[in-house]
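The next part holds the structures, each set out as structure tokens.
What follows is chain A paired twice: with chain B in the first complex and chain C in the second.
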Partner chain A sequence: MAAFDEMGLGNGAVRPAYRALKAWLDSAPSELLDLRRSQAEHFFRRVGITFAVYGDTQDTERLIPFDIIPRIITAGEWAILRKGLEQRVNALNAFLRDVYGPRECIRAGIIPAELVDRNPFYRVEMIGRKVPHDIYVHISGIDIVRVDADTFYVLEDNARTPSGVSYMLENREVMMRLFPELFAEHRIAPVDNYPDALLATLRSVAPEAGRRNPNVVLLTPGQYNSAFYEHSFLADKLGVELVEGSDLYVRDDVVYMRTTEGPQRVDVIYRRIDDDFLDPLTFRPDSALGVPGLMNAYLAGNVTLANAVGTGVCDDKAVYSYMPEIVKFFSGEEPILKNVPTWRCREPEALSYVLDHLPELVVKEVNGSGGYGMLVGPHATQQQIQSFRKKLKHDPAGFIAQPTLALSTCPTFAASGIAPRHVDLRPFVLSGADGIRCVPGGLTRVALKEGSLVVNSSQGGGTKDTWVLDA
Partner chain B sequence: MRIEVFHDTVYTYATPARAVTQILRLTPRAHDGQFIAKWRLDIDVDGRLHREEDGFGNIVHRLSVDGPIGRLAVQVRGVVETTDTNGVIRGGTEPVPEGVYLRDTDLTRPDEAILRFSRDVTAGATQPLEVAHRLLVAIHREVVFDVVPTHSATTAAESFAMRRGVCQDLTHIFLACARSLGMPARYVSGYFKRVDGVVDQDAGHAWAEAMIEGLGWVGFDPANGISPSDAHVRVAVGLDYLGAAPVRGSRFGGGGEELSVSLTVDQSARQSQS
Partner chain C sequence: MLSRTADQIYWTARYVERAEFLARILEATLRLSSLPSNYGGAGTEWDSAVLTSGCASAFYKAHPYADEHNVREFLAFSPDNPSSIRNCLAIARTNARAVRTALTVEMWDALNGAWLELRQFDSKKMGREDFARFLDWVKNVSLTFDGSAYRTMLRNDAYWFSRLGVGIERADNTARILDVKYHVLLPETEQVGGSLDYFQWTTILREVSAHTAYHWVYRQSVQPWLVADLLILNRQMPRSLAASYDTIVRHLDLIADAYGRRGPSQRQARAMLDKLAAAKIDGIFQSGLHEFITDFLRDNSRVGATIAEQYLI
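Up next, the complex of A and B:
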């Protein structure tokens, strides 16, 4: 399957946005490129940007490989993506308000009740409750893939605690240091205002009762979490306290932070902890990561959690399959960003189609993430296919399937030289009481293995700097 | 029946705790089969007790106490007028869509053995009420009441494999079976006035409710092999024990925690006028 190459390699014509970069790459001596690559790696090692890979006992802290060839998006392409992302995130928020409120989309038959009600991330504790400013998903990562010059698909919505934004920021920083000449030659939209945008968003959603100058903290599960680097990085960039559950306590429905100067009231918690671990009195009783009583403070409206509790229901891949209808229902508009056609294995006809076509499909767990537990049919062994066949028959509702998309490729350094590798894009969309913010671009992830379609860093993917060119 | 409940839960800490927070689901709500004549929840220390409603519609009290706390007692005194409704629950508070009660939890997720068992014992049953009754009878027969081998975090599958458990475990097994057959079912915690005349008990009681088409929520008490009657006082519901637990708590500092429970459930000396 011939994939669309973002630079235009393979069909002779270099796409205009990549012309200057291609010319530079062609003229740069290979020793220089090698030097820059090793400098980039040295930079990342020095800042200590690592990622823990679960299920890998050998080396739990791993450097995510960085590829120095940037991925370029034109101003025109970005304008469409930006509008589409805004529309989608507004729809996600409207959907969550609705499923925890009047449930109109269920009554209207837009989505089957059981997909919501039986979803473990649909939190009973949130039914009928209001969240500050009616916003549930403050920070989202919407994964986008491209299949040709004009077609972008949303691959999945990440509405819980999407990670990766630190790589977006660090990638840009290292590129600006190593390739100042390229930045002089291109008009590249900046991304370094992301921390300001995030802080403004978080402050905007402070509880109404909150004071003029809301106190924002970042709650991390701690240094053993795979994204701890990102938590400390972001807290530092935002200029807010990085706290663990034990640094906070609740008294009379108000959250306080223990400090050397005594207790300090907390208004907004950017939490990078899953719902299950937030409050041992409401969720998992064995969680030592959370804050006892936090849910009470939250439901009393005295603290904002970003993201809200219960947003995971939109990360479900079966719910995802209804997003075009959900967008239409809540916005009254046609969706700007397309969905990948999806077979819901819970539907008997879809299941039998999927079972008959496993070698050509991608099968995913409805609640999976990080590229774990998925089958890429065309790259799977007979044995893997058989084992998925069993899983599907055992629990059809637990899976969806999609056609194997020819994800676009971008030139990437490989052992054999520069070669096309498949990429995706995770833009980070911020929703505040004062509107949507989205820095241009996002994180481009690249599948480093030849032909591989799995870009997740947990599965050996790498990243690239993403340039949105100002027109 | 007029049922009187005395329920004391006492925590002692060898090293005093600096603060204690608890969520108490110890206050029943009325429905057509139970009228709350009197109910009081007290603590014997200086603390704050805040009443609210949880996601399932249960009345919860949030207790916060600042230390040092060496001893903390939670005291329940209540009188409830019950009538036998053959287990059918009407006139209660139902904020949760019934489809939620089809969800498996870590405590109720069925394994192959439970799936096979629930299929086998309900084979041929066509009416939902019959399905639920068959489950009730079969679980009561198969699983022996035994306080020794299980604890509060034992799963339905673990208890079923041993064919042993307490009312909590039998209820989890019932929930696992019913949900696997597409029948919404939920956990109920409460009190039971024993028919054998024993008044002093070690713990509260637990049973299940299943959504039966045409009837609504109907109770099933697998530990006793019966439908709840006027001997049952219904306090809280949830997806499993954790959602309906009478007490969930957390303490800051302290150690050497010991818990003692004293519970008596008896028919009130003062008979209702009927």
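Up next, the complex of A and C:
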């Protein structure tokens, strides 16, 4: 199964958007490209863009490999993606309002009740509660894959605390420094207004009865978290305090931060810690990362949490499989972005099909993330397939399966020279009280191993700059 | 600003200052130990370095005696010594990483770059020359970090807290040198040791990088009471106790003005400076140099604790 190459490598005809880049690559001496690659690596190491890999004790800070060949999306392609993303994120918000409110989509039979009620990320604390401005998912990362010239699929919705946006911004920064001539030749939509858009979004969702100049903070689990670099980078770009749980406290259902000038009230918390760790009095009592009493302040309407508590329901891959119906139910429109066809193993017919076709399918845990806990049939050993067969039979509802997609490829530096590697795209969509914001592009992740379909950074994936060409 | 941010900036500055101080002690001790034995002070210079560094109890728990090899290793590289140069730089970098957004790129570069380069130094294969180069490198890291702070930071509370860290740490370090070496500065030792003590005195001056400054200030040969005067009372000498308190008082006042509120740390620090400003070196000798230093060390750490209570927690 030959994958669609976005530049057009392999079938002779270079696609128009890539022509200038291809010509430049062909003419650039290989020493220059090597030099630029090492300069890029040096830059990332120097500014400290590292991520921590869980379970890796040797070297707790590693660089995510950066590939200097950009990935290009045309204005026309982006226009469709942009509309589809807006529609999808609006549907996610409507869905969450509904499952914590009137539950109309369940009563209408759009989605089985147990998928919501038994979902480990469904928070009973949120049932019947109102969140500021009725927005649950303020920041989302919607993973998109492409299989041919015209078809984009949503691979998964990340509605909890999606990360990676700092790489989108820093990748662009590095590219502009290293390849000014390429930027002169192309009309590339800028992304550096993302922090501005994020701050505007966060300020727009401050509690309604709040103050004129809301105090926004970014809550991090601390510097040993794998995404700490991003937290500190964003706090800096936003111009807001980067706080840890111990910097905050709650008195009379109001959140304060401890400052050198005494307590200061907090209105909006862009939290980059999971629900479970937010408040030891409500969730995990052993959490040292959270703020005791935070949930009470939140439910009293005195502080906005972005994203809201309980958005993880949307990250569930079984819920994902119902997204086309959910979009249709809430928007009354056909979904602009398709889902990858998905077998829900909870359904007996689907399960028996999946068990019969394991070597050709991708099987995922409904609550897995980061590329962990999945089976890529065509690349798996007999043993791995057998062990997944057992897992599936033991807990069918815990899994979904999808066909092994021929993800599109993009030319990438490999040991053997420039070669096609599979990519995906994570655009970041912001929902505020004043509408949706989405900077053109997103984070392109690339599977650096030949043939590999796993792009996650924790599994040896890299990143690329993503160019949306202005028409 | 967040109390934790202020705290981490303050400690970052302290740890970098401490790393430099350790490098200076090691450098001066190496120099002293390479003199013929009848110039050097009875071969106790490595014990003295351990005492000055303030980690004697941990050191003697791990080593029965002090010699060049084990002191170098312990003070510079040992992962078991929380205040080894390596650990100081690592802790400073960890602190800085947590508050990166409050530091300038240049300051972060200085610490992160140092942390990356630090891995390249292999203490096992290090001869004296390589070790001397390592110590130079440490001093350079500190200079670059401090210089970056001075040249690139906004003059706001973040900068002032970093200066407080430098001030408190310097005062502590200089007082420690005096605490360990006070006996060679006492007038009576002149008869005991005679001019042989000259090398002890110059070692002290080198530890606070004041060997040249001494001559510019006093324009005479090295005299023990003038060494004490320079280190304790001379406000022109950047590592003296009085100059350290100049720094501390000035920056505490800036913080108080900006926040519109004074507190116990301002009062305590001002009292320390007033005491140093009013003192004469003869008087200090008369009422006991050692007692003076012991009191100072105690009061200095009390000021540190008061600053922490007032702003950092």
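The rule is short, and it goes like this: the second predicted complex is superposed on the first by the 468 of 471 C-alpha atoms of A that agree within 3 Å, B and C clash if a C-alpha of one lies under 4 Å from a C-alpha of the other, contacts with A are read in each partner's own complex, and residues count from 1 in each chain.
Throughout what follows, a residue touches a chain if its C-beta (ideal position, glycine included) is under 8 Å from a C-beta of that chain, and two chains touch if they have at least 3 such contacts.
Just so it is clear, the model here is predicted, and its values are computed rather than measured.
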Is this a clash or a fit when chain B and chain C both end up on chain A? fit
Is A:Thr282 touching the first partner chain B, the second partner chain C, both, or neither of them? first
Which holds for A:Glu365: it touches chain B only (first), chain C only (second), both, or neither? neither
For A:Glu77, is the partner it touches chain B (first), chain C (second), both, or none of the two (neither)? neither
State whether A:Glu114 touches chain B only (first), chain C only (second), both chains, or neither. first
Determine, under the contact definition given at the top, whether A:Glu125 touches first (chain B), second (chain C), both, or neither. first
Just to be sure I read the superposition right, which of the two partners does A:Arg45 touch: chain B = first, chain C = second, or both, or neither? second
Between chain B and chain C, whom does A:Tyr249 touch in the aligned arrangement: first, second, both, or neither? first
Name the chain, either chain B or chain C, that contacts more residues of chain A. B
Classify the contacts of A:Met257 with the two partner chains as first (chain B alone), second (chain C alone), both, or neither. second
Superposed, chain B and chain C have a smallest C-alpha gap in Å of 12
Overlap of chain B and chain C contacts on chain A, residues none
Chain A touches which residues of chain B in the complex? 19, 21-23, 48, 50, 52, 54-56, 62, 64, 95-100, 102-103, 239, 242-243, 248-250, 252
Residue numbers on chain C that touch chain A, as the complex places them: 1-6, 94, 97-101, 105, 108-109, 112-113, 116, 157, 161, 255, 259, 311-313
Contact footprint of chain C on chain A as seen in their complex: 45-48, 222-223, 228, 232, 235-236, 241-244, 246-247, 257-261
For the chain A and chain B complex, residues of the former touching the latter: 103, 113-114, 116-120, 122-128, 249-253, 280-282, 285, 292-293, 296, 299
